[in-house]
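Labels run A, B, C and D following the written order; every chain starts at residue 1.
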Amino acid sequence: MFGIDTKGVYAIAPTPFLPDGAVDWESIDSMCDFYLESGVDGLTILGILGEAPKLQPEESVGIVKRVLARFDKPVVVGVSAPGFAAMRALAGESMAAGAAGVMITPPAAMRTDDQIIGYYAQSVAQIGSDVPFVLQDHPLVTTVQMSPGVIRRIVTENPSCVMLKHEDWPGLEKMSTLRAWEAKGEMRHISILCGNGGLFLDFEMERGADGAMTGYAFPDMLVDLVKKHFAGDNEGMHALFDAHLPFLRYEHQSGIGLAVRKYVLSRRGAIKHADLRVPGPKMSATTKAEVDGLLARLAKIDPRAAF
Amino acid sequence: MFGIDTKGVYAIAPTPFLPDGAVDWESIDSMCDFYLESGVDGLTILGILGEAPKLQPEESVGIVKRVLARFDKPVVVGVSAPGFAAMRALAGESMAAGAAGVMITPPAAMRTDDQIIGYYAQSVAQIGSDVPFVLQDHPLVTTVQMSPGVIRRIVTENPSCVMLKHEDWPGLEKMSTLRAWEAKGEMRHISILCGNGGLFLDFEMERGADGAMTGYAFPDMLVDLVKKHFAGDNEGMHALFDAHLPFLRYEHQSGIGLAVRKYVLSRRGAIKHADLRVPGPKMSATTKAEVDGLLARLAKIDPRAAF
Amino acid sequence: MFGIDTKGVYAIAPTPFLPDGAVDWESIDSMCDFYLESGVDGLTILGILGEAPKLQPEESVGIVKRVLARFDKPVVVGVSAPGFAAMRALAGESMAAGAAGVMITPPAAMRTDDQIIGYYAQSVAQIGSDVPFVLQDHPLVTTVQMSPGVIRRIVTENPSCVMLKHEDWPGLEKMSTLRAWEAKGEMRHISILCGNGGLFLDFEMERGADGAMTGYAFPDMLVDLVKKHFAGDNEGMHALFDAHLPFLRYEHQSGIGLAVRKYVLSRRGAIKHADLRVPGPKMSATTKAEVDGLLARLAKIDPRAAF
Amino acid sequence: MFGIDTKGVYAIAPTPFLPDGAVDWESIDSMCDFYLESGVDGLTILGILGEAPKLQPEESVGIVKRVLARFDKPVVVGVSAPGFAAMRALAGESMAAGAAGVMITPPAAMRTDDQIIGYYAQSVAQIGSDVPFVLQDHPLVTTVQMSPGVIRRIVTENPSCVMLKHEDWPGLEKMSTLRAWEAKGEMRHISILCGNGGLFLDFEMERGADGAMTGYAFPDMLVDLVKKHFAGDNEGMHALFDAHLPFLRYEHQSGIGLAVRKYVLSRRGAIKHADLRVPGPKMSATTKAEVDGLLARLAKIDPRAAF
């Protein structure tokens, strides 16, 4: 179950759209099935990857309900918003509909430790202290920098914080610092799942991560990777990771990366259309050829890339 | 009427709240009456000052309709949003309800000239090229820096751009550059109203501004000031401006400034409660004493400050 | 003397240049005389206003020595630099030449509390813990935001920190917080002089400031203002401040403000040429006319502006 | 020779230090020999990787002269500085000593297109239009974003711009845009070498790059990779790249990456000590073990990693 002891893979799900920009409701169902078959332990929806800011509130709520009706494992809902009214509304409707918890990212204006910590205190006051939440630490996108001490204070002061989505870069020493504090009893234990496109997932697992929470288009590979680690097969984990790294790195590009992901997910049958809602980047013919080339090379090692 | 030839004062209106955080609908009516009595030529609602990001979409639409039902001069609605779906929805509902136009602020991530210009092209595509819009240039808050050439390109490429809300700081030379381009036929004419708390309104008028669009709690003073300028009495304009400057500067503080404005507006009877919706700053006792002292000194020169 | 009990005015001195961009050594002498005659208690050189980043190291050292040879009151030297080698070298040469202390501004990259506090620890380790230093808190220019708690930690952990150059904006509540901590014995006492162009100096004095450290072109007015406050004449202080505010506000513009300051200082005979070293803004004819107009109005109240 | 037709690999060289922080002059010689043996076509010194901001001006000049005395292929000197006086001095001394050209990075404050273009115009005016320069486009570190059109304008307006150090991320489409403009005669041809740690060097070569300018600790691999590409063996290029990617990605971490690079370079005998000048990160025991593990895995494929 979703909580401080969660281990495994939570896929970050995109939001499928029709070519005309409308939400592709049917693809939500097939996408849920795809993720279930890939063996993930949970799903996170309406994150940055999910094009959440492009959605209308009623669309967001509709997507939450559609996913919850189909996906019978824990679902975390991204509820970050420029204002607390919107955050509270979406969190309330999501939890009422059966979500396992919510994810909160600090807005870009947060700078000092006190501002960041105060923002989480206010957020919890708004959504209710009974709603489990994931703390997202993603400075490359948010520009908000949280020291390990700030994370510890948020965890300490908010019992409803159950998980860290770790995607600071570089972030290996931060992971080690947090786990060392836990080991010494200087911080309570939380689950740590890794994002940042998975670019350092191999070493993050060795440093104490509990798994992955990222949108890489091969969630089944992430599931295998995490299992190998927990089975003690770090050698096998690295081999699998290294085989995927050339494509994983390519997919991790800001902006265009989401177009690549949706393209692969549509090729794999998870969603029907690769389209992003405007404004969003489109893959050039060269990009498409590069992706196809990368997948062809990957397919020689991992048959999942052959489709 | 609202358009490229607009001259005068458009007040930036706050959003009145009850002490419990709910929208204070009755105060919207009294606030509209206050602005009408103060002699302003129009109203801009749901701007940064209006705590717009803290509102739910249905609240925003409700406020637009309530204002339009009461205020019988042009109303501009701030429709900036993190996503285009929300912008399009609010713009559509506002125009359908009778708004004169909308105001669009670029999001903080915009950096290059192409990004900024592209953002306005996309915005116009979303809201419709028949909706008159105000271009807000407010780098101190948005961190987006527009050179004069970028403003000219937006004006040139988007016929529906009718007005610039000028609040770059320092911005006097930018004003002169734009007006010089117009004079030489190198840029079509638009209306320029000045924000930035009015801190340089005196010289901005002399440099070619058409008036003010700011939230200073004495809109009646702004009306007088602009009239004096257009009547050729710049000496009188400066005297009036200088008398208000100590308080105007105080009110122009980021964050706490809005609390001060609402306090004065409530003292003047425009709104019933000075409260901001959370999260928002509260005036300390010292701040309140400073404001009262400033107003007492101002009242010796301008009786409007005696209440 | 310069230290935690310093009260009064430290002028921020510009660096005078010849029209060809060379340092104007003779004007350094006349400038020192001007500041002595204006009654200031000390001088701060090579700050942001001093165009310090445009100087070669040997020029910086030369300026320090020339000033120290002429100005027989305490001199603080700005030693902020992109690297510690440069900071250490300039601090060492300045103290050896007789400077009273140094001023350190954090580089723009500092974000978290730990980064800022660590930067000051490293700086002190580099320049020596026996060198008294001024902590500059100027987020509008540096983008570094220090909470009151961060300032307290720097003061507590570094006994050689003797003074805060307070120029956060808005910053009145920060001033009150720091002084309240001192009153309750929760922070050791330091001197606080105010910068930010003096825009809130009136209320900063009432909130507990010890004086001003800014480059306003009428340092003699600042001296009078601070004296009035300490003589208990806050009414007179406000009247003097308000009279200067229209011009003070104008001079406080980023970029062009320094050109205005040098123009006034050259008109007052402090320096021979108003030139900035390239790259730097030049006053347009309109700007010059505006400044002359402001000074003419000011001269009716304060004869110092008549020259 | 160094110029618009340059192809191949320019290594970004670190600055070797002794454990006590002094410049390790002897290691400069051995480092030059190492790079010559690795087959690189040129060297770039005093870049971000070279810890340039930590150097005193006389150290910088000394390093330039020491390298030029030993390395008999083209040397480019990074001359970026917070002020033009320092830039002009270092550029002048470097060219007089025999450097092939200089590299200029825009300061972080540059935002609008005009600011960036103006900065390069001023830089060229300062260093002289006869000094060939490399335009560094590195937004992840500088926060300065240059659109392709800005690069074209700098190239067009400054004939002394001979090379682009391309390290925008993501940047593949930018590369294609610039090369397409050249092909259509809409932009004059310049050399483009790729930085950004080499993370996309494989596809950048296919998109039209002329080679690499980065500090990866296996410059001999970069030389092989570029040769394979120009020999038409893109399949072999990708295989070589993919083998190095797990370590290359690890080395590409901000901050700690330089410590890793110096560690490998010291293990390979290029420099004697892996130390960075303070302030700089140190490798933890875990990091060192991870690096050793990565190298051990790499050594099974590429014997250069066995040492």
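Rule of thumb we're sticking to: a contact is a pair of C-beta atoms (placed from the backbone, for glycine too) under 8 Å apart; a residue touches a chain by one contact, two chains touch by 3 or more.
Just so it is clear, the model here is predicted, and its values are computed rather than measured.
Peer 1: Using the touch definition from the top, list the chains contacting both chain B and chain C.
Peer 2: A, D
Peer 1: Which is it for copies chain A and chain B: same residues on both faces, with over half shared, or different residues?
Peer 2: Result for this pair: same.
Peer 1: Matching B-C on over half of contact pairs, by residue number: which of A-D, A-B or A-C?
Peer 2: Match found for B-C within A-D, A-B or A-C: A-D.
Peer 1: So how far apart, in whole Å, are chain B and chain D when each is placed at the average of its C-alpha atoms?
Peer 2: 47
Peer 1: Rounded to the nearest whole Å, what is the centre-to-centre distance of chain C and chain D, using the mean of the C-alpha atoms as each centre?
Peer 2: 39
Peer 1: On chain B, where are the residues touching two or more other chains?
Peer 2: Within chain B, no residue touches at least two other chains.
Peer 1: Based on the touch definition given at the start, go ahead and assign the chain network to line, ring, star, complete or other.
Peer 2: complete
Peer 1: Write out the stretch or stretches of chain C touching chain B in their complex.
Peer 2: Where chain C meets chain B, its residues are 169-170, 172-173, 176, 199-200, 202-203, 206-207, 238, 241-242, 245-246, 249-250, 253-257, 284, 286-287, 290, 297.
Peer 1: Would you pull the chain D residues touching chain B in the complex into a rising list?
Peer 2: Interface residues on chain D, with respect to chain B: 111-115, 145-147, 149-150.
Peer 1: Which chain A residues qualify as touching chain B in the complex?
Peer 2: On the chain A side, the touching residues are 53-57, 59, 82-86, 89, 108, 118, 122, 277-279.
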